[in-house]
C-alpha cells in the first residue's frame, strides 16, 4: 500500500502519520519526506506492507491527525489503466504495447486512439482496440467531442499522449486534471512549440532532449515529471536529431510513466515532487 | 542538526523517532528512511531545525526508544576537519584546497602530507602545512609509523587519499575505521590494482570511470561512496585516458566528500547507504 | 557507398585514396581517419555519393594504391540481414522487431531462434519465422549442430544474441568471425560471467551497465562496440537492478546494431575502431 | 602542426589537400572532415607530424589548390595566451589558475581582470597580474575603454569570461571576433539572461546545465562550443542549484577551452564545427 500526503507543514506530522501506521501494525518499507520551507508545504510518500487492510480505514485515521485541506492518496495493488493517444510515430506506442503485453508496464492499456490510421496495425497485433478519429475537415471542437465520446466507453486513470501531435483545448484538459501525460520532444523550456529539433539545429546546440510533463491549459507549461538529454554535434542534420531524439523521447516517457504508475509523483501547482527509488 | 540511525528493523521505529523530535518541538526539515528487507536493517537520516538543543539529550531520548545495539550519530554544525594525503598529481588536491580557501568544502583542511615534495608549493600557497614523508629506502612499517606521528599532531575526522599512490597496511587502516576515503582511478570492481587506465586501454572499453570509497583492509574493496564514468573511444591513448580520467576522479572525490561531510552516508559492512538530496 | 579501409600506415594513404575517388568524380560526404601510431595501423571510413558506380571497380582501384594485405570493405545500399537468438527476455527482441517492422533497423530480420518457446508469440505477431531449439537433455554439440542447420536455411550478415543465455562453443563462433554480436548485462570487464547484477549488488556499486561486443572464443572477451551505464543506489534490490538494467541493455544493443549496420565499426584484433557521427 | 580549413565544397578537396601534405612528406596523424551538404560547405582538420616545416609554405601550397575565399588556419606548437575576466565567483578562475600553474591548460594566463577585488588574492597566489576595474559610478563606455586600455598591455589569443557578470557592448565584442569565450549558467537557449537558476527553479525542471559559447553582439546567442547538464529534483532550492551548477559551469568551460586551445573548433556564422577526439 502506498500513501501520498500533501499538506501545510507543521511540527509532528511524521510522528502523527507513523503513529497511525504503527498502531495498525503496518511496517514501513520505505518513507520519503520533503518539506518546501519557503512554501511551508509538507509532502510524504509511505510504502507499507499491506496485509488485509482497508484503505478507507487508513485514510480516515490519517484525516484525523493531519491538518485541514490535506491531500491524501492511497494506492493499493489494483492495476491502473491508461488510454494512449497517438499520431503517426510508433516508437513510444511500441514501447508501451510491448511492456503491456509482457506485464511490465505497471498498468494495462485500455485502448489506443489515433488521429491517423498509421498505428492501427501495430496496435491490433497486440489485441488492443484502436480508434481512428480523423481531425481533417472538422473543427477542433467536434474532434474533441468525438474523442470524449470514445473515451467515455473506457475507464482509465491516465491519458498518455505518446507523440500525439494535436494540441488539446483548455476545456478538454480541464476534464482530466493532472491525468494527461505528454512527451514533448525538447528539453523544456527550450524550444517550446513546433519543430523543436529544427529550432535546436538552427541554434547549433550540443545536446537535445525530451520532457515528460502533465498537460495543463498552457502549451508545454505543465508540471515536469522527467527530462533527459543526448549529445549531438555539428554533423547531425535535423533528420538525424529527429531519429536520435526518438530514443530519448521513448526513454523519458517510459520513465515518467513508471514514476506516475508507481505513485512516486505528487503534483503541486506547476511543479512535481518526485520520490525516486 | 542531522541524526543518522542504523539498527535492526521493527514496526514503529519511525513513529518512535519522530515522537522524540516532535516532543522536543523540533521540526523535521527532511527525512530519508531505508529498510533492507532481506537483512532486516533500518537506516534513517533526519535533518531537524536545531535551535538551542543538546545533542546528548536527543541521543539519550533516542536510545530509550530504539532497539539495542542501534548506531546513533548526531552531527551538529561544528565544522569537520580533514587531512589530505597525496603523491604527485595535483588535480584532486587543488580542487580541495580551492574549496577550503573559499569555505565551500564543508570541512577545513588541517594539513597535507605527501610522499613526494611535488605538491608542497601548491599547498603552502594556501597557508596549509605540508609534511613530506619520504618512502624511499625505508620499510612500509617505518613509513607508516612516521605518518602516524605526523597525524598525531592534528585532530581530524577523515583522512582523504587524494591520489596517494601507496597502499596502506591493514594495521594502519584499522586505526581509522571508515574514516579513510580513497579515490580509485577505475570503475571498480573493474581494473583493480595498478595501472587501471592501461588495463582499460588494452581491453578497448568505451567508458572509463572513477570510484570513491572508504578504505578497508582489502585493496580497493571498501564500501563505495560514489562512482562516475566518462566516454572514451579508440582514439584515446593511455595518456589521453589518464588526462580525461583526472576530470572524473576530481569530480567523484568532490562528490563523495560532500556526501560524507554532509552526513549523508551510513556504512554497513562493505556497503554504503547514501541519502542524496 | 561506404568504404572501410584498414592497413599498415604510411605517408600518402589519404592522398592515394582520395585521388581514386576524385578521379572517379565521387564527392566525399564524410571521411573519418584514425592512425594508431603505436601499432602503425591506418583506419579509414569514407562515405561517398554513389551514382552508378561499380564497387568492384572502386575496390580494384584502391587495391592498386594501398599497401599489401590491406583490408578493404565496400558497402552499398543493399539492406543487411540479421538472425536473432533469444532465450526468455523480450526487451531486446521487442525493440528489434519494432524497428524491423517500421523499417528503421537498418537491416531486416531473417528469423528468430529461441532455446525457449517464450518469445514465439511476440515474434510471430510480426510475421517473422520463429524456430525453437530445445537445449535440454541434449549435448551442446548436438544443440549447435541443430542451430547450424537452422541457420543454413537463411542468408544473413550478422547473428544477434539478444539476451541469448547459452554460451556458444569456440568451434561455433569460429564459423562467424566478428559476425556474432552479444549484449552482456554488465559493464565489462566488471562482472564477467553469470549473475552480474547479483555480483554488482553484493559489491554495492553505484552504477550498473551493459556492453555490446562481438563474440570471440573467450567468454565476454570479444571486441567491445558500445557500453553504457545507469546510476543505482543502496535501495535497488537485485531485482530492481535487473529491471533497470534491461533499459540499458536494450539501448546499448540498439546503438551497437546501428553502428555495425551503418558500417561504422572496424575490428582489429580484440578492439574496435568506431567512427560515430 | 594542425591545419583547419573551411571553404565551399567541391569534388577533390581532400585529394588536393592530402596531395600537398604527401608531397611534403608529412604523415597525417589524424584527419576529420565534415561536409554540410545543405550549405555546400567543407570543413577539415588535419593533424600532421611537423618536423622542420614552414607553416607559411604549407599555407601557400594549400591556397593554390583550394577554392577562393577559403579560410586556412595553421597552428604550430606555440603556446596560446588568454586573458581571464571575472567578477566574484572563484570556481572557473580557480580551475584555470590550477591548470595554468601545472602546465595542463594548453595556454598561459596573461592576466586576470576583475570588476570586483574579490579574486585578487587567489590570482596573486599564482603570480598572475590582477587588474581591478571598478564598474560602479561610471558609464559602460568608460568601463570598456579602461578595459581596452588594460588589455592593450598584453598580447593574447582569447578573452575568457569566467563568470564575468557584465554584458559587453557590441562595439567591444566586435574588436575580438570569435575570440571571446563565455560560460553561461544555463542550458541555452533555455533561460537566457539573468538569474537562470531562479528561472529553472520556478519552472521545476529536472535538469540544469551550462553552455560555453563564443560571444557575439547578441546576448547569449553566440556559437555554442560545449554544453552539459546535471540532474536536479524538487528538493533543490535555488541556492542548491547555484551550488550544483558551479560544478557544471567549471567542467563545461574547461572542456570548451580545451577544444578551442587544441584547435578543434571551426566557427561558421552562428554555429561551431567541433572535431572532438
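In order of appearance the chains are A, B, C and D, and numbering begins at 1 in each one.
As a working rule, contacts are C-beta pairs under 8 Å (C-beta built on N, C-alpha and C of every residue); 3 or more make two chains touch, one makes a residue touch a chain.
Each chain and its UniProt protein: A, B, C, D = Formyltetrahydrofolate deformylase.
The model shown is predicted, which means the values in this text are computed figures rather than measured ones.
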Chain labels contacting chain A and also chain D = B, C
Please decide if copies chain C and chain D contact each other with the same set of residue positions, more than half shared, or with different positions, and reply same or different.
-> same
Hey, how far is the Cα centre of chain A from the one of chain B, in Å?
-> 37
With chain centres defined as C-alpha means, what is the inter-centre distance between chain B and chain C in Å?
-> 40
Enumerate the residues of chain A that touch no fewer than two other chains.
-> 30, 34, 233, 235
Counting only contacts in the complex, chain D reaches chain B at residues 30, 90-91, 94-95, 98, 101-102, 104, 122, 125-126, 233, 235-236, 240, 243, 247, 251, 254, 277
In the complex with chain B, residue positions of chain A that touch it | 9-16, 18-19, 21-22, 25-35, 37
For the complex, which residues does chain D have touching chain A?
-> 34, 36, 38, 187-191, 203-207, 209, 223-229, 233-235, 237, 270-274, 276
